[in-house]
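This structure is in structure tokens; I'll ask about it shortly.
By letter and in written order, the chains are A, B and C; residue numbering begins at 1 in each of them.
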Amino acid sequence: MNNADKNQLKDVVFKYLGVFASLIGIILLTIFIASIISDGLKRIDWQFLTSLPSRKADRAGILTAWTGSLWIFFLTALISIPLGIAAAIYLEEYSKKNRLSRILEINITNLAGVPSVIYGILGLEIFVRTWKLGGSLLAGAFTLSLLILPIIIVATREAIKAVPATIKEASFGMGATKWQTIWHQVLPSSAGGIATGVILALSRAVGEAAPVIVIGALAYVPFVAQSPMDEFTVLPIQIFNWVSRPDAGFITNAAAGIIILLAVTFLLNGIAVYLRYRWQRHLKW
Amino acid sequence: MEPSKEKSADNANLEKQKESSISFDFTDSKKEIKLESKNTNVFYGDNHVIKNVNLKIREKTVTAFIGPSGCGKSTFLRLFNRMNDYIESFHMKGEILIDKKDIYDGDIRVEDLRKNVGMVFQKPNPFPKSIYENVIYGLKIQGIKDKKILQAAVEESLISAALWDEVKDQLNKSALALSGGQQQRLCIARALAVKPTVLLMDEPASALDPIATSKIEELIHVLKNDYTIVIVTHNMQQAGRVSDKTAFFYIGELIEYENTKDVFINPKHELTERYITGRFG
Amino acid sequence: MLKVRLKEKIIESGLWLSAMATILTTIAIIWVLISQSFVFFQHVSIIEFLTETEWTPLFSNKKYGILPLLAGTISTTLVAILVALPLGITIAIYLSEYAPKLVRNLFKPALEILAAVPTVVYGFFALTVVTPFLKNIFPGISTFNALSAGLVMGIMIIPMVSSLSEDALRAVPNSLREAAFGMGSTKFQTSFQVLVPAASSGIIVSVILAISRAIGETMIVAIAAGQQPNLTLNPLETVETITAFIVQVSLGDVPHGSIEYQTIFAAGLMLFLFTFVLNNISHYLKEKFQEKYE
């Protein structure tokens, strides 16, 4: 085997290594999910979905957890979407290139890298104690909103940037004000991209456990939350709670809970990917 | 901004030229003066891109701005509806008057200015909406909601832009589905819908095929009866065909401004002659 | 007319305020961590905090040495990076230099799924699948251990390393590739001798960000690595990371305001400092390497 052959071989070997590396993570995850489904699927029934938590594994359910997650989803959306989109519009369309805009940009990059558990500590001090919201849904939603704000801002800016300058010029040329141009042209044109980012961000919020644990969401909440000021739990916390119990029955419960959580996560991500695909096709003007 | 020595030298040069060769007014016309630039200078940062330009344009005429790429003709055109305002380093001196009023005065609202001064861009840029929505956009942002008024405006504007017959049955179709030439006429209709008195056209046919181009040119001929039109073009023949007056720009300076046929048949300035005969540019 | 102008102004102010909310968030994080840690450090000296080898704030014999938590964080992070770095870079090179467009369009979203899975799910994966598997190889391994948590965390951060590294490789000008191919190099040689060195700063950025992410990861380590502070770098032992400790205290019934409770702010401050420094290093490097090609 001469040198050239050896190099050729290395090239081919590396190619297969690349395929292997790309797939190993997803293969392991698939095997794991398959085993979870085989463990947990049989546990999912009407009783499981409609029961309150219990000390007995076979009587326990995720009613409070999924209703809590649903509350959190909508409250967080309500807070984070307007705030994130507004901040992105300011950065992209209004702010001048100066010191402040530099600081804002670096700051958002930094916020995106702050560990989620730190947001929990922030929420604990500001929302739970200073604003006296207690361990309520509202405190949780505020905390998670701050956590996903950088994701929404970055995605919205990308989407706004993709709107062709010619469209904006045409609108200004017609005598539209800045806001009229943004409202009538920029936002409708970038809605697909913004929606993609928002949904991915909300999917992240729904999957988070650490920050909501820190602000004091409880594992055991024996009632369904009726208002944003109620105490709550969410699916990831319920799963975490069951995982850390020795009883095998609770492990099965955890597996069943994970199936639901993953279904929601993948559904949201699927919607996001679909919207992105449609939006990108739409982008050809 | 303090002009450097170099720039003052430039200006001095300009003064000389002005005295020697160019007359800026046309006394042969009874029409009112619509647009006027007085000692206009434009800078992008330190870059002096329009150098002391003086010119007057009478109402209901077509004026062509010609000159090699980078001569400043588009920048100069965009002074008349203040589209340069969005460039952060933009900065100007001198006056731009429309109906004898300085449009760079503090009390002028750019939005109102632009309703009076419509613009058609180089590349057709319809909004990604229906034909109908495109035409009524200007009225909508003025807060006009009356369906009858809007419907009438759509019809009138599309007729004026010679597009009505082609699209009257498909007003709800996406504007993006139209051909390039139709899109550009739609953009003209969109501009006309707010009843401007001036139309600025920045190379409106440069992205179009010859047939679509000739339709735009015919349209310009008709529109001239009601509007003051200024068109930037790279195409000498086009300037010759559509315009009454032609202004030739070179590196930010207005070199020559005369009746179009005089500019093309008997240019006064050597630079103009070299340009229109295609010897540079 | 005045109304329109006023409306524009009001809207702009609203947008400005929203943007400022991000600055306020940062200020609030820093203020909360520092002011609350200040209370903690009035009772525990910084020297003790940094040099004491035991961390037992929840026991009767209280000791406040951060080192065991730090050791837990370091060992789980190290394992994660040892997984994610080689795999991530291999993927990046494969996707940017080898894979046909169709394969890339399929693999990239597939990799993104890894980052979308909630971390409690990964924790469960580590505890119920990976740890039992590791027991076959290392019979002495603890039920809660740094190795299992680290391995799974590594899988989770693969897409982070691979996508940022791929961006860096793609940013290398084509002329360099052509030069290498023109000399008769294979793709393999071109990738490792020309492209990886040329994209090194971008690749380093991806690794630093991945480290920062691993340090801050909470649920996987809280579930699978254990909740027992342990000054060891042996990945087979039970450890507790800074993040897992914060969760442990939050779940417990430690009274708010007590010195035991204040520990989470001191621990949080440490955590924040680490990630903050790492993020800013990566940001600085990124700016520098972007300049290079512009």
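To be clear about the criterion, a contact is a pair of C-beta atoms (placed from the backbone, for glycine too) under 8 Å apart; a residue touches a chain by one contact, two chains touch by 3 or more.
Just so we're clear, the structure is a prediction, and the values are computed from it rather than from any experiment.
A.B. asks: Between what two chains do the most C-beta pairs come into contact?
C.D. replies: The largest set of C-beta contacts joins the chains A-C.
A.B. asks: Farthest from chain A in C-alpha centre terms, which chain would that be?
C.D. replies: B
A.B. asks: Indicate the whole-number Å distance between the mean C-alpha point of chain A and the mean C-alpha point of chain B.
C.D. replies: Centres of chain A and chain B (C-alpha means) sit 49 Å apart.
A.B. asks: In whole angstrom, what separates the CA-based centres of chain A and chain C?
C.D. replies: 17
A.B. asks: Roughly how many whole angstrom separate the Cα centroids of chain B and chain C?
C.D. replies: 55
A.B. asks: Find every residue in chain B that makes contact with two or more other chains and list them.
C.D. replies: 111-112
A.B. asks: Would you give the residues of chain C that are in contact with at least 2 other chains, written as numbers and ranges?
C.D. replies: 4
A.B. asks: Pull out every residue in chain A that's touching 2 or more other chains.
C.D. replies: Residues 177 of chain A each touch two or more of the other chains.
A.B. asks: Give the list of chain A residues in touch with chain B in this complex.
C.D. replies: 96-97, 164, 166-167, 169-177, 180, 184-185, 188-189, 282, 285
A.B. asks: Spell out the part of chain C that touches chain A in their complex, as residue ranges.
C.D. replies: 4, 7-8, 11-12, 14-16, 18-19, 21-23, 25-26, 28-29, 32-33, 36, 86-87, 90-91, 93-95, 98-99, 107, 109-114, 116-121, 123-125, 127-129, 155, 158-159, 186-189, 191, 209, 212-213, 215-219, 222-223, 243, 246-247, 250-251, 264-265, 268, 271-272, 275-276, 278-280, 283
A.B. asks: Please give the residue numbers of chain B that touch chain A in the complex, ascending.
C.D. replies: 81, 83, 86, 88, 110-115, 118-119, 121, 123, 125-129, 137-138, 140-142, 176, 187, 190-191, 194
A.B. asks: If we count contacts the way the header does, which residues on chain A are in touch with chain C in the complex?
C.D. replies: Contact set of chain A toward chain C: 7-8, 10-11, 14-15, 17-19, 21-26, 28-29, 32, 35-36, 82-84, 86-87, 89-91, 94-95, 103-104, 106-111, 113-122, 125-126, 146, 149-150, 153, 177-179, 200, 203-204, 206-210, 213-214, 216, 219, 236, 239-240, 243-244, 251, 254-255, 258, 261-262, 265-266, 269, 273.
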